[in-house]
Amino acid sequence: MPSGVPLAIFLLPFFSFIVISFVIRPFLNSKPKLSGYITIASIGTALILSFWVLAEVSNAPGHVLSMPDYEWLVIGDTVIRLGVTVDALAAIMLIVVTSVSLLVQVYSQGYMRGDPSYSRYFAFMSLFTACMLGLVLADNLLFLYVFWEGVGLCSYLLIGFWFHRPAAARAATKAFLVTRLGDFGFLAAILFLYFKTGTFDIGELQSLALMGAIGGTALTWAAIGVFSGAVGKSAQFPLHTWLPDAMEGPTPVSALIHAATMVAAGVYLVARMFPVFASSVEAVTTVAVIGGFTAIFAATMGLVMNDIKRVLAYSTISQLGYMMLGLGVVGIGVANDAIALEEGLALGVAVGMFHLFNHAFFKALLFLGAGSVNHATGTFDMREMGGLRKVMPWTYASFLAASISIVGIWPLAGFWSKEGILDHAWDHQTALFFLAIITVFLTAFYMFRVVFLTFAGEYRGSKDVDSGAGAHGPSLHESPLVMVAPMGVLAILAVISGWLPVSSFLGGESVSFFGALASPMAWVSMILAAGGILLAYALYSAKWLSVESLRRRFAPLHTLFSRKYWFDELYERVIVVRVLVDGIFALFNWFDTRIVDGIVNGVAGGTVEAGKVIRRVETGQLQAYAIAIFVGVLAIVACFLIFG
Amino acid sequence: MDNVGITASFWVLAVVCVASALAVVFLRDIFRAALFLVLCFFTVAGVFVILSADFLAVAQVLIYVGAIAVLIIFALMLTRGTQQGSPSGRFRFTAFLVGAVFLVTMILVVTGTDWQAITETPTGSTTSALAHALFSEEEGFILPFEIAAALLLAAVIGAIVLIREK
Amino acid sequence: MNVLEQFHDWLANYWPSWAAYLVPALVAFAVLSTFILLVVLVFIYVERRGVGRFQVRRGPNRAGPFGILQPVADAVKILTKEDIIPSAGDRWVHLLAPVIAFFPALAIFAVIPFEGRAIFADLNVGILYIIAISSLGVIGTFMAGWGSNNKYSLVSAMRAVAQMISYEVPLVLSIAGVLIISGSLSMTSIVEAQEVPFFLLQPLGFLIFFIAAAAEIQRSPFDLLEAESEIVAGYHIEYSGMKFALFYLAEYTHAFAISAIVVTLFLGGWHGVLLPGALWFMIKVFLVFGALFWVRSTLPRLRVDQLMGFAWKCLFPLALINVFITAIESVIWPEFPWQLLILNILIAALLIVLWSGFFRVAGERVSFQRYGRGIIKGLTVTFSHLFRRPITVQYPEQRLTPAPRFRGNMLVWDQDACIGCRACARACPVSVIDIETTKGDKGQIVEKLEVDFGRCLFCGLCVEACPVKAMFMSRDYEQASYRREQLVVSKEQFVAAEKRRSAYFYPDLEAEMPLQTLLAPPKEES
Amino acid sequence: MTVGLEHFLILSAILFSIGLYGALAKRNAVVILMCIEIMLNAVNIAMVAFSRYSHIITGQVFAIFIMVVAAAEVAVGLAIIITIYRSRETVDAEKIDLMKW
């Protein structure tokens, strides 16, 4: 394989961005369709190239291809090299990113049709994909960080795509600022690692960490710093608040953010730096605990949301928590020497990434389904939906497939990766296992709550159900083919992606198709999931139980969940207003105005006062100046005559 | 030319030169002052001839009389400076003092220095010697010369830009 | 070593050296100035005659044989005029102006080589000296304009100065080409370098120099500063007498000088066959001067903004290009073979045609087709006038042939035919015909016939009234008088008068009369 | 009495001082410019005199450069003066004090 191929994968969407921004938008704005086609073509090509890379990687020994790197920057003795990593992890990520992105772009053709900023949308989408691909391919922390921020920037631009809506603008700012908080830790960790080791190269850092060259508290703090970046990007507790708000962006953007790009970046980072984490018990424990807690914590909030996209958003947070949990527990195993080092490192990555891989497809599908529903009903509020099964059979079918998959019913995709995580949690961190297993139940409940509220029962909205007969307003209808087709593809992937040998490819264990059913763990989780589904059915479809009475009985809990544990309030009212604005910022303000400004103003004022006195010399009389010059000349001559 | 000729012409030229310079400074009629400036330039050209700098003498007439003096007269007419005459300003006593001290200093320096002058008249034309000094690539002033050309161009453009009606 | 230096060397044997310098210089100066003034007088005569011929006139031809003494007569007239000094003007400036204007024109001749050794001072910076000195004339113009305290003078002076400064740039630049080829600033060296006259090697430079020189000495079509219709007579409006004569002399001296420079720089100076060099030189000078007034009598005057535009936008860039081209050629062919003249003429033609295309006149692009041919045609027309007989009537000797029905200033009375019927007197509407008759044997005899031409309307009613063809209108136009009484014509005068009858009312008379034309020389009436 | 280098230098000094006095004392900006030209001429005399009495041509080269600078200075200076005259209707150096405190 030519060494340019991985670079080309990154550059294709990037050039698409350049072309759209600098050629199509200024000169061909009357033909916005072009931008869509260019984006799809470039990402499609990138997908094909990714398959090529995958094939090459799977043939390579140790699943690693060595790529040439280049000297990029020389500052004194420091040489910063620029190169790409192509290993199994990167290859899998490339496939995930390009395929999901491609399908989302196709879907967007339909979803964004007629939007006045069509070209801008595709420009940002291209850049977003490009940044994510760059992040995946980067072989050193510096470039990884550059693309990391690029992804953040693009998410800001896309969440705030409809910036004229105040909510969207606010959500974009929030997403940007909250992830920034994590990024700060990440940047600190990068610099810390650099000063410790003198390198940005990830491979070197990994081997240094494994050899114990960093070691101890330093390593722990570095790992936690890196993890804080991941927490921000992957919306883990306590930086999870931005993700639900990010629903203000166009739905395909949500699909992309949630499935393949933005949030996946966090998990990918932890996976990429896994050897560093695995060298410190504290670090991996933190990862596992945060992941496990986030999983159940987000799921509880998902239970009560009425906005379909918010439910999906909390589900994403929850699932990301699973991934972190998976990485964390295997890491604990490795750190405690319960698993052999070599095997464990690959295993951890495999466990986490396998779920990421599966999750990408079904979560993208869920969002696209939600978008499709929105396309039909014009709302995201589930209370105004219902009965859509009849009008939108394809959407329903694919959404259902994705829901079963995320719940983890054999043999759909979610089952396989979730089982891995649960297994390892049981093996290495029993407490977290229980959190996870409860989360399985909760996941099943809220996903099927969505399914039942949206597709079952009678339509509760204001639109006309009977297609074509609508005398008032547009009628409900299935989405166009250009939207349904990607959903269909994703539905197939959501079913079968678990059967693909991704886990073993990454170095994890593989389970045979029926062999999985032999494990008791599978049955436990499936029974719990089924329970959740049943409860949802009972409450929302069959109405055996009254939702209202339940809500009354658990009123405090319901309030707690629906107010999202008051986290937004905590952050905005308490931390930002009380602590930051009233406390620290006020202190800074005082220091700034009194001390800093005081010194500056004092100097300036003194200068001004002195100037007021001295400026009298400047009479504006040219000849006065000339006289001064000649008196000076005479003085010099006099000096020469007297002393010379 | 022999010494008598040189001496006579020097004294004539010097007296006329200084007198016309004084006239430039002290005449109230500004147009006449400008004419005396022309005379002063002309006598300086004469001084150059005595100093066997024939090229410079001609250049002096060409540049100072032909261009600079004419420009100044033009400016006099355009600014109607003749209506106010040529009054002295508030610095005249200081200026006189500075000028006088400067003159005395210079005369002291000139007379007090032992100049190692070569009195023989240089032979041959200065034009080609000057051209060699200006343009020869090894020890010439070719770079300053080109910079001077650029300076002139800049001055021309600057003057046009300044004077242009908005 | 020229004549002057030889004279000095000879003198130095007897006199102190300063005198040996001074005396030859003074002598040469006197000789030179006299010669120049003589030539200038000839110039004035030649131009007036020449322009006359170009305009199909005769020019001055009365004072002396062929009018050759006309300049002398003019000089005498002008010197006897009153010398006026404007009271509000600047007296000294006014007085000095013509001197300062005249001096540089004269001083130019110091470096003009009339022949190999006939040169006042062969400066090695000769051409530079000429440029420097001729720029002095500006000061004189300024002084004249300023010292007269007249707004027309001042406007004219400003125009003149602006024009002279502007045209000096292409003038100097066009010389640069010659200097590159000849490699010297000395006038004699330049002449000696001309095996082929430089106007062939430097056709563009020659043309630019000629035009710019014409502008520099303010000859038509560049005589803006005199523009009679706009600013009366330019900066010498307040000048009269000797001072005006100096300006007039300065103008022609300058013309002479410029012609001499053109000859020196471009026409090979004193080079020529058979005839002595100095003669060749003067012949060429007169040819150049002839060309100057040939152009003057052909082309109309330019507008002031066109004048400046022409200098800066047309001549200046062309001159610059010419310098570049010449420099490049001199690098490629350091010897400058005469064959280059073909190339250079081609380049010059091409440049002129192309460059003129950049300009617009009255919104229309200047094309060589239209303007170039127009100018050439105009020049040929005026040139062809040289070979025509002047249409001027030499009045007392020659008389104009009036139209056949011309009503002149008298009546023609045929005494023999008159029957004394007094019909004319009765017909006269203003009663200016006083006629007394007595009875004779064959009818009435006219005793008295008086016509008061001071009051006559020349209406011709008397002619029409006459039954016997005794009264005619006259074709005479020469009678004039300072006194009214003399306009009353008596019978005796009628009888004695020359009888040139007009065909008025009698068309049958036309056949025997000469045809009147404007341009054809008049045929004498027998 | 033979004319030597000192004579030219003293002539130069006198001219320079006269120009200096004029440049410092006169109020009309054009006259000031004229006086500056006198000063430059004085310097030129000194330059050429040194060149003549040392037989080194460099002095004349410098004089040429001074002329170039003088030409440029006059062009720009007069342009400035005329521009000032257009906007302020005066060329009195004492009244042109825009850069005053």
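A, B, C and D label the chains in the order they appear, each numbered from 1.
Following the convention adopted for this analysis, a residue touches a chain if its C-beta (ideal position, glycine included) is under 8 Å from a C-beta of that chain, and two chains touch if they have at least 3 such contacts.
The shown structure was predicted, so the numbers you read here are calculated from the model rather than taken from an experiment.
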- Does B-C or A-B have more contacting C-beta pairs? B-C
- Measuring from the mean C-alpha position of chain B to the mean C-alpha position of chain C, what distance in angstrom results? 41
- For chain A and chain B, what's the span in angstrom between their mean Cα positions? 79
- Query: From the C-alpha centre of chain C to that of chain D, how far is it in Å?
  - Reply: 44
- Task: Go ahead and note the Å separation of the Cα centroids belonging to chain B and chain D.
- Result: 7
- Query: For chain B, what residues touch not just one other chain but two or more?
  - Reply: 55, 59, 67, 74, 89, 91, 94-95, 98, 102
- Task: Going through chain A residue by residue, note those that touch at least 2 other chains and give them in order.
- Result: 621, 623, 627, 630
- Query: Using the touch rule from the top of the page, what pairs of chains touch, sorted by label?
  - Reply: A-B, A-D, B-C, B-D
- Contact residues on chain C for chain B in the complex? 16-18, 21, 90, 92-93, 123-125, 128-129, 131-133, 135-136, 138-139, 142-143, 146, 154, 158, 161, 165, 168, 185
- chain A-facing residues of chain B, complex: 89, 91, 94-95, 98, 101-102, 105, 108-109
- Item | Touching residues on chain D, where the partner in the complex is chain B | 1-11, 13-28, 30-31, 33-35, 37-38, 41, 44-45, 48-49, 51-55, 57-58, 60-61, 63-65, 67-76, 78-83, 85, 91-94
- As the complex stands, chain B meets chain D at residues 3, 6-7, 10, 14, 17-18, 21-22, 24-25, 30, 33-34, 37, 40-41, 44, 47-48, 50-53, 55-56, 59-60, 63-64, 67-68, 71-72, 74-76, 78-79, 81, 84-92, 94-96, 98-100, 102-103, 106-107, 110-111, 115, 117-119, 122, 126, 129-130, 132-134, 141, 144, 148, 151-152, 154-156, 158-160, 162-163
- Item | Complex contact set, residues of chain A against chain B | 621, 623-624, 627, 630-631, 633-634, 637-638, 641
